Every structure is written in C-alpha cells, then in structure tokens.
Amino acid sequence: MVDDVSGDSSGEGARPGTVLSGAVPIRLFVTGGTFDKEYDELHGTLDFRETHLPQMLEMARSRLHVTIRPLMMVDSLEMTDSDRALIARECRDAEEQHIVITHGTDKMVVTAEVLAEGAAEKTIVLTGAMIPIAFGSSDGLFNLGGALTAVQLLPPGVYIAMNGRVFDWDDVCKNRATGVFEALR
Amino acid sequence: MVDDVSGDSSGEGARPGTVLSGAVPIRLFVTGGTFDKEYDELHGTLDFRETHLPQMLEMARSRLHVTIRPLMMVDSLEMTDSDRALIARECRDAEEQHIVITHGTDKMVVTAEVLAEGAAEKTIVLTGAMIPIAFGSSDGLFNLGGALTAVQLLPPGVYIAMNGRVFDWDDVCKNRATGVFEALR
Amino acid sequence: MVDDVSGDSSGEGARPGTVLSGAVPIRLFVTGGTFDKEYDELHGTLDFRETHLPQMLEMARSRLHVTIRPLMMVDSLEMTDSDRALIARECRDAEEQHIVITHGTDKMVVTAEVLAEGAAEKTIVLTGAMIPIAFGSSDGLFNLGGALTAVQLLPPGVYIAMNGRVFDWDDVCKNRATGVFEALR
Amino acid sequence: MVDDVSGDSSGEGARPGTVLSGAVPIRLFVTGGTFDKEYDELHGTLDFRETHLPQMLEMARSRLHVTIRPLMMVDSLEMTDSDRALIARECRDAEEQHIVITHGTDKMVVTAEVLAEGAAEKTIVLTGAMIPIAFGSSDGLFNLGGALTAVQLLPPGVYIAMNGRVFDWDDVCKNRATGVFEALR
C-alpha cells in the first residue's frame, strides 16, 4: 500500500535564500474520509476501497517527492483515540519534515489538536473533501493542491487547508450547518 | 465579465501574529491558456468561450475573497507584448496586494519576467493547466488550489505554481519535451 | 416538474414502410432509483433532489420528442403497491404510445409485472443505473440510449433495457450477487 | 488491438418467438472519429491514441457478446475510398450478422452508402459522437447504447444511430450548421 510517487527532480541542489522548497520530500498519510469514499453498486451504499491519492497526483501532473502511506480508511466520525495515537506516532516517526494528511472533515480539528501536542517540529497540513473524488465535481483535487503547497511554504506547526484557506490548528472549526471551515478568532 | 466570487467571511478581523491570511482579498486575472480551452463540436477544433474559473471556485467550495477579471482569452503562444503590458498595468492598478493569473503554459515564464520588472511590491502567482478544465482529468483544479494557497503565504514577488511546486519567476522553465516545469538552479 | 425536451423535428411526416420511428412522441416517467441519487455533502449520505434526465438528454444531443414527468423519487426497495398503481395509471393515461420509465434496479422486475397486466397496447421500456448519474463513470447514459432506442423499435409490450440487452418483462431477473440482469429462459 | 469484451452469458439458449436477441454475437468495428479523439497535452492539439470502446463497455456494465476490432483511427474527413473498401470487406468477412461501427460524423453517411451496396444480409449500425469520450459530457455513451440496442432489434440493412434516433442509410444527412442528424423524407 506504500507508493513512492516522487518525481524526477533528484538532481536539484538546495535552494538557499528562498522560502520555496519544491524538492523537499513530503509524506502523505491517508486516513480515509469523504475523499476516498466510493459507491458500492451492489448494495447502494458508500464504502472505502483503495485510496485515490496516487491517481490524483498523476492527474495533477505532480512532480513533488511524495510518499503515500494509507494508515486507515475510516469516516472521521468513527476514528478512535488509538487511531489518532497511531497517526501521531507515524508523524513523529516519518523521516520527512513535511507531512500532509487526508482526513474526514467532521473530526479533522480533533485530530489536528492531538497532533499539535506532539509533533511541533514538523509542518503538518490536514485536508479533506466535501465530495468524494470518485464522484463528479469533487473539491478534493483543489484541496490537495492547496495542502501540498501549504506544507512546502509554512513553518513547523499543525494546519488545516480547506475551502482555499489555511488555518492554524487552534483557530478553526467546521460549521456543520454550512459544511465550511471557519476561523474562530 | 467581472464576477465577484468572494465568500462570506466579511466579519473576520485581522489575524495578527500568523503567516496565515485567509481573509485577504485576492484578484484573479484570466488570460486564457489550456485552462479555458473547449471543444467546438461543430468544427472539431479547440477554442475559447467563457472562463471556467467561477465554476471551479464553486466546485472547490472556496471561501476566499476572490474577484475574477478576464483580461483576454488567448493561447500564450499568441500573446503579444501589448497583452503583457496590459496584464502588468492591471496588476499595478488592482487594489489587491495578492494576485493570481491563469495563463497558457508555453509562455508563462515570459509573462512572469515582464511582471517582475514592474510589480515587485505585490505577490503575484501565475498558474495554468496541461489539460483543459472542460475535459476529463484536468490538472487545473489542483494547480488553482496551489496558486491560491501560495499567493496567501508568500512575500511580495512573482512566482509560478505548476506541478505541485512553487517557483521564483527567475528560477523556472517549462521542459517542452515533458511538459513539466523545472527549476533552473 | 414537467419539462418538454422535444426537439425540432415537428415538420417531419410519417415514415411508412419502415420500422424506424424517430419522430414518434415518447413519454419519460421518472421514479428515482440509483439513476438520480446524489451525494449530500452535509450529512455524507445519498439522497434524491432534482432528476438528471433533462441534462442527460441535453448531453446526449437527443432530438427525440421526449416529455419528462417525474412521478416520484424513491429507491425501488421502498416503492409501494400504490406507487406502482400510480405508474400503471400514468402509463394508461399518457397520450404517448411509447413510454420509458427510469426505475431503481432492485425491484424493476416487480413493477414491470404490474405494468404488463394493464398496459399491453403500449410499448413500455424500463431502465435504470447501477451507478448514479451524478457520480463519475455511470452506466446511466448508456442505458438511457438503449431504452429510448428500444422503445422506438419494439412492438407493444413491457420490456427491461439493462446491460446493453433488452428483455421481455417475463424473462428477466436481477442477479443480486453480480448486479447483472439475466434472462430466465 | 482485438479485444473480446464478451460477457458471461454463454450458457443461454436461443430465445425463439421473440424479437429480442441479447445473446447474439456483435462485432464492433472502430474507425476513429470524434469518439476516440484525445487532447495531446504536449502540443495542445487533438489526436488519436487507443480506442475508448473497451472502457466504455465496462462502464456500461455491458453483458453483450461484443468483439471489438479497431480498423483505423481517422477523422472521417480524411477517410479514403480504400478505407471504406476495407470496412466493407471486414463487414462481409465478419462471422457476426450484427455489426456496429464507430465513425466520424462528418462523413458517416458516405460510408453507410458504400456499405449498403455490398452487405445487405447483415444488420449494420453506424454511430459516433459530437464530443470526445475522453472529455467531459460526451454524447458517445448514449449513442453507443442506442447503436448496440438497434443492432439487436433491426432486420438486415444499414442504419445510422445518432441523436437518439435510428435512420435508414438512405434517409439521413448531417446538418452541418447544427451538428444534428436529420431525416431526408
């Protein structure tokens, strides 16, 4: 389940004196969420199968050094404390300093809080989708582009990238009535 | 042709002490490029009609304060010096400090150079697409997410956001053989 | 909720001596089913809103004389005897001799049986979809093309058009394990 | 380039006494046309690569006995007399009595005339698309559903299935101003 989708930029040197860092290795953890939901045509229900992240990076013509690792495939409403402990441990143990996590939107803020307690030296950006990638007209590809850009440009910390915006982990909530992420302050 | 696609966050105050700036107004200039190409079914050719940017921001569930202004609808191979002078003037005259420009990929770097001469106090990010938005499997939504995120997070300057990466205007070229944007240094 | 999506062929006369009948008026009854299911992004569930049939006929560049009338928007597992009585009555009362019905696949055969009891002088074709039209990669447009063609070419009777095939109402069942419609004989 | 996309209904017996014939073997000849055009992202042009027909039949959940054979991949405006002679010969030589041909729309009627001269004992249906399958919102899947249904239900002859209608080969033309196929009589 671990795919290295890294590109061809291995020969590039460091780029001192700039905030840009396209050649930096990025770890992409998949946890499920609406992002990866699919329609089960035999039962008429929504479920999870394989993650769509590799195909999405291909469609995006991404040339980032991204290593994808699915950790779980769950709706965030069903994510447990031990799931979150696993995600935090994987963030700590990853070789990469820059981490993107795809996550269900309903409890994304809860996971961000857990990660903020223990992984402060890394730049971690959580993102998700309101519409499954497998369906028409998903916001997922837009959000993924935003999250992968934010993780390259932001200092260490835990952030949420949704609705085109980037939020500090402690300054965001999901408005359940509208489905939109909003700043608290 | 000018649509205000700004969101609902008018009540948000400034957010001092953070690099994040979701409430900042963004100007989005449309110049055409593959992004907005469509299939003309009567002639079997590719052409331009309306820009797809408003629908893309809607699909993205964007809550940014984005004002879209189409300046022209051309393939960048056909963009003239006077077109570029117009784009530069519009960037200078815009009230917004943060500007994203959709642009054909072939000559995106040329336009970035022109803009870098005259608009240095603003943050300007150019982006584009290898596959038209109107077709299946475009990279455009991913690139737009990256460009809109980069324009919020980067200091003044002119940048290109493509392939998941963000480049300084003077450190990038398009590899014509692969279609990929690469750093020079 | 009643849209006349008929085309521009009003001036065409009858075409004696051929089985073809493109100018014949067709009634299209919508009853829901997977065809018209959508993803509710606030609740993460599947539901019904407006029917997609008018947009489908537009995408299809249909020039048939089709009048669409939604009768209900239900999963066929929840269709009642009185729903079926309503459909049968509408088929009898319709001015058109040629009728297509979009229907959930699980109980399509049950409704076909009810219709076969009372509407034998008309040509009625039921069809549906395994994947919602609103999602990527639906079979719905293919099935609609098949059903609208079958209803023009077949003699009076009740038929089911699925999986590229056309079945007599009393010679078909849905294989629940595979999701495929099969002949009994 | 020859794929057997036939389904799993090999055990089905003949179905005497009905016009329906789902178990009949069908030959599907691919000649190119808008159907199979793709966007060449390096050159910004439209071209042909592999045919999309196998994926379309998969998306359609087709259970027909279809054998696909690409004969050429050309715009019908560039189809030559020898191309048409090849298509006619392949129709004659095919084991199947039921043949569907995907074809560019501009000269579809010309090819139908050539086929009508020499293959009258078989049922041959030509179809095409106004929008490439690879792009969003194509009419191709609808037309394919119509053509595959028509070829099962019609007596020997040469037909064109477009815009939801089925035309005799000698009673149809494409209206170049509207892109719509119309009856002559």
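A, B, C and D label the chains in the order they appear, each numbered from 1.
Basically, a residue touches a chain if its C-beta (ideal position, glycine included) is under 8 Å from a C-beta of that chain, and two chains touch if they have at least 3 such contacts.
Keep in mind the model is a prediction, meaning the values are calculated, not measured.
**Q** Compute the shortest path length in steps from chain A to chain D over the network of touching chains.
**A** Contact-graph shortest path, chain A to chain D, evaluates to 2.
**Q** As a quick test, compute the distance in whole Å between the mean CA positions of chain B and chain D.
**A** So the centre of chain B lies 41 Å away from the centre of chain D.
**Q** Let me have the rounded angstrom distance from the C-alpha centre of chain A over to the C-alpha centre of chain B, please.
**A** The computed centroid separation for chain A versus chain B comes out at 23 Å.
**Q** Where in chain D do residues touch two or more other chains at once?
**A** As it turns out, chain D has residues touching two or more other chains at 130, 179.
**Q** Among line, ring, star, complete and other, which best matches the way these chains touch?
**A** Per interface graph, the chains form a ring.
**Q** What residues of chain A sit close enough to touch chain B in their complex?
**A** Against chain B, chain A makes touches at 7-9, 12-13, 15, 18-20, 22-23, 56-57, 59-64, 66, 130, 137-139, 141-150, 152-155, 159, 161-168, 171, 179-183, 185.
**Q** What residues of chain C sit close enough to touch chain A in their complex?
**A** Residues of chain C touching chain A: 34, 37, 39, 41-42, 44-46, 75, 106, 130-132, 134-136, 176-179.
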